[in-house]
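Right after this note come the structures.
Common to both upcoming complexes is subunit A, partnered first by subunit B, then by subunit C.
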Partner chain A sequence: MRIKVKLFANFRDGRFSIEDQEYPPGTRIADIVKKLGIEPEEIGIILLESKHAEPEQELTDGANLALFPLLGGG
Partner chain B sequence: MDKILRVNMSDLSVKTEEVPAAWAGLGGRALTSTVVAAEVPPTCHPLGPYNKMVFAPGLLSGTAASNSGRMSFGTKSPLTFGIKESNAGGVSAQMFAKMGIKALIIEGLPKDPDKWYSIAINKDGATISEESELIGKGNFAVVEALQARLGKKIGVITLGPAGEMKMLTANISVKDPESHLRSHGRGGVGAVMGSKKVKFISIDDKDAPGVQIADPEKFKAASKIFSKTLVDHPVSGQGLPTYGTNVLVNILNEAGGLPTRNFTFGQYEFHDKVSGEFMHDRIVERGGKPKHGCHAGCLIQCSQIYNDKDGKYLTSGFEYETVWALGANAMIQELDDIAEADNIMDDLGMDSIETSVMFGVAMEAGVLPWGDGKGVVRLLKEEIGKGTPLGRILGGGTEHVGITYGVTRVPVVKHQAIPAYDPRSVKGIGITYATSTMGADHTSGYTIATNILGVGGHVDPLKKDGQVDLSRNLQIATAAVDSTGMCIFIAFPALDIPECLPALIDMINARFGIALTGDDVVNLGKYVLKTEHKFNLDAGMTNLDDRLPEFFEQPVLPHNAVWDFSGEEIDAFWNF
Partner chain C sequence: MVKELGQFLTAEAAGELLSWSSQVKASKQFGVSVAQVEEAALTVGILPARYQRNRQTISTENQLVLFRSRVAVLGCGGLGGYVVEQLARLGVGNIVAIDPDVFEEHNLNRQLFSSIAWLGRSKAQSAFERVSEINPAVTVTARQIAYAPDNGIELLQGAQVVVDALDSIPTRMALCQSCLELQVPLVHGAIAGWYGQVTTQFPGENTLQKIYGPRAQSKGAEKELGNPSFTPAVVASIEVAEACKILLQKGEVLRNRELIINLLDMSFQEIAF
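Moving on to the complex of A and B:
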């Protein structure tokens, strides 16, 4: 299945900003994080279809996933 | 001994007073709001003789505590017609504290409306002088001229042309450590300084006695722990120094809470071109500084120096709210145009939130096309800066422009522009906008931390559950932090690292030789909010002023979210 993966801030360093990637059915968000070489504790915000999601969540074909380190501003 | 400096512009007199016992334990926002509530009649005209200006450094300003260099400014706002506290970095808070100035109160109005004045402050007190040379000059020219006149080391609090013209977008600017500007930004506070005909305040802290610490060893130990929490937390230690506050563009866009085209949509097609990531790369490429502190002793360094394409200084303190308002909300795609506008707003002395949100409404009104960055720069320079009739309308801020042109989508609460987070898709911040004593103000209870950023837990931004409690707890905590002289970004470690807040309280206790507990600090925050709320009610506001504009009942993409809190649910905020 195809997943649109978006990375932000220092997650982009040595990786990419946005890519359509192929994953087998049943893939969880945590599996993608692992494949990208990102440590689970580095993850600050996960947005799936613009809503907050947990790492254990399974993805479906065409999902839109955004991964951020812990960030803040204001 | 700490003292109060009282400057009376009616008879041009200056007094040095003892600090009343009731004010001794207060600083920053707690002190400015207490003085305003005690001395300013709530129903007075903000630009008339009865309003006052109050500057107060925080409880820890002037000490070695990291991030403690914020100065609070308090008054009755000519924009909201309620109480106002606006705090800023820069060099002035630490200089005041080292000279033992607990507060500077400026009152009255000069008898001669054609004369302008300046106030000079040093360890011996204050003096008033007539000023002519710098009238009409921009803030950068004022700082440069005063450094030539009085020496490079002086502190400066200055009023730009917008404030001279008493525009409701006018701020009060403060020199920072690199002779650039920070701002007491919101609420049209510059118009109050303009009404008192004070062009600038110069500060010379030569031979100042410095801050006495009651228990230096305890202070040092607590300060070390506190600083470590700032460096250890990923937001204050890494994210903010690298990307600045503008890293939020992509986060809010992704979450569907980035107000776009004057709050019509929740996402902006060209978000990447104005994002924190793009800005960081451009700053580095052009030889600017991605990290920069607004005051000495800042460990977080969220500010930056943004250069133009020729590598020359274009702006600094280039914040998310400004970039959002001119970028997504006014749909300007070229970051250099936004940076130039930011610099002109600094020079004219204008609140870059009120002014930039105003441009979204002006575009909706057809004053200029959507996305017209060059047009914004031109209107700032040629109309607002010169005080033409159109410039006066635009300089009146978001609501003024909406009223003048018959626009109904006017994002304000208590007449003050709503900042960078759509309250329909980030509901906690909507409660803060509605209930804040300041008018729409994201900093007064920054629920984005918990709604969006995962700091201090998580409260679903799209549901109503828990938002009133979240906003209340954050507003109470913020009112307390605003009284310490601390930058509000210490809240990120304070929400997540257990040692942070106790270390902050230990520093206050060691500084004054007292024994405050966590409960005392919470009670201070509650006292501040209640004092401010009472002032607003006495000024004529009611619970119906704690409401968002009607247009937020219309759904916004991508979530089709609507603002659906009842009045009763909002009013529960004040149950404490």
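Moving on to the complex of A and C:
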């Protein structure tokens, strides 16, 4: 299935801003995060179809996923 | 005496503007603080001349609202330095500046109040001294103390707005809880490298919970990316604009939405909650 993955801030470094990627059925958000080489604790907000989502959530064909890093500096 | 002070200020004012020298003169002549003179002037529609470039944006009536306001700023480092500076120049009458730390050399790349001469000095106390040089009519309460849930209520009491300029995620979440208990709006900002985010949480809302959720770690991407000079200035300025609008009840704030800032790609994204 095809998933549109959007990355933000430093997640783009050495990766991409937006890409259509192919994943097997049953793929969870956490699987994509792992495949991208992003540590789970680096993740801030996850948006699926512009709505908040959890890492364990399974994706369906054509899903739009956006990953934002956790920012905490001041 | 109030009436006489008002008459004196009206006589001293050139048009509707009161010069700083007249403000000081009134303070000495009537034995009151420059802050009291400022309030008396604003009350009779006279604007201290320092605010004349505010005037098309902030009316004299609104300048009085700002003067009578109290804003608590948590953290006086990268974000907090700019936040305190801008609140003071804006004319917010009472600022509580809270930070347990002292300036260190690695702060010099971005923290507004840091300087070689002030290395080793309290950030909160430095905020007080800096504002005394810029705008002595503004009262800064400097607290060299770490915010914690058990002192939160005491530190934030009386503030109409709380500005988050912290650098720790668990402390932010505790602050968020105190603000919910005190029913006070919280302007949140965070930075890392080229990136930043700002949102405003009102009482009864759980925006920060949605952003951070249950986190074990205290730091985010800034641990790897550090912070350059310009990102805190951008994010702090947006936080102050939010605080100003809350105090004056005007404009649209970042309520139930978060502004995501990317200064490398120069893109601004909005997330709705």
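Keep in mind that, in the parts below, the second predicted complex is superposed on the first by the 70 of 74 C-alpha atoms of A that agree within 3 Å, B and C clash if a C-alpha of one lies under 4 Å from a C-alpha of the other, contacts with A are read in each partner's own complex, and residues count from 1 in each chain.
What we mean here is this: contacts are C-beta pairs under 8 Å (C-beta built on N, C-alpha and C of every residue); 3 or more make two chains touch, one makes a residue touch a chain.
Model, not experiment: these values are computed from the prediction.
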Practice item. Check the residue A:P69 against both partner chains and state whether it touches subunit B (first), subunit C (second), both, or neither. Key: both
Review point. After lining up the shared chain so the two structures overlap, which partner does A:G44 touch, if you call subunit B first and subunit C second: first, second, both or neither?
Key: both
Revision key, fill the gap. So the subunit A residues that subunit B and subunit C both touch are 8-10, 12, 17, 44-45, 47, 50, 52, 68-74
**Study point:** In the complex, subunit A residues that touch subunit C
**Key:** 8-10, 12, 17, 41-42, 44-45, 47, 50, 52, 68-74
Revision key, fill the gap. Counting only contacts in the complex, subunit A reaches subunit B at residues 6, 8-10, 12, 17, 44-45, 47, 50-52, 66, 68-74
Point to revise | Touch list for subunit C against partner subunit A, complex | key: 75, 77-80, 164-169, 172, 189-197, 210-212, 215-222, 224-225, 227, 232, 258, 260, 262, 265, 269, 271-273
Exercise for review: Would you pull the subunit B residues touching subunit A in the complex into a rising list?
Suggested key: 234-236, 238-240, 242-248, 250-251, 254-256, 267, 272, 276-277, 302, 320, 442-443, 446, 448-449, 452-455, 458, 460-462, 488-489, 492, 558-559
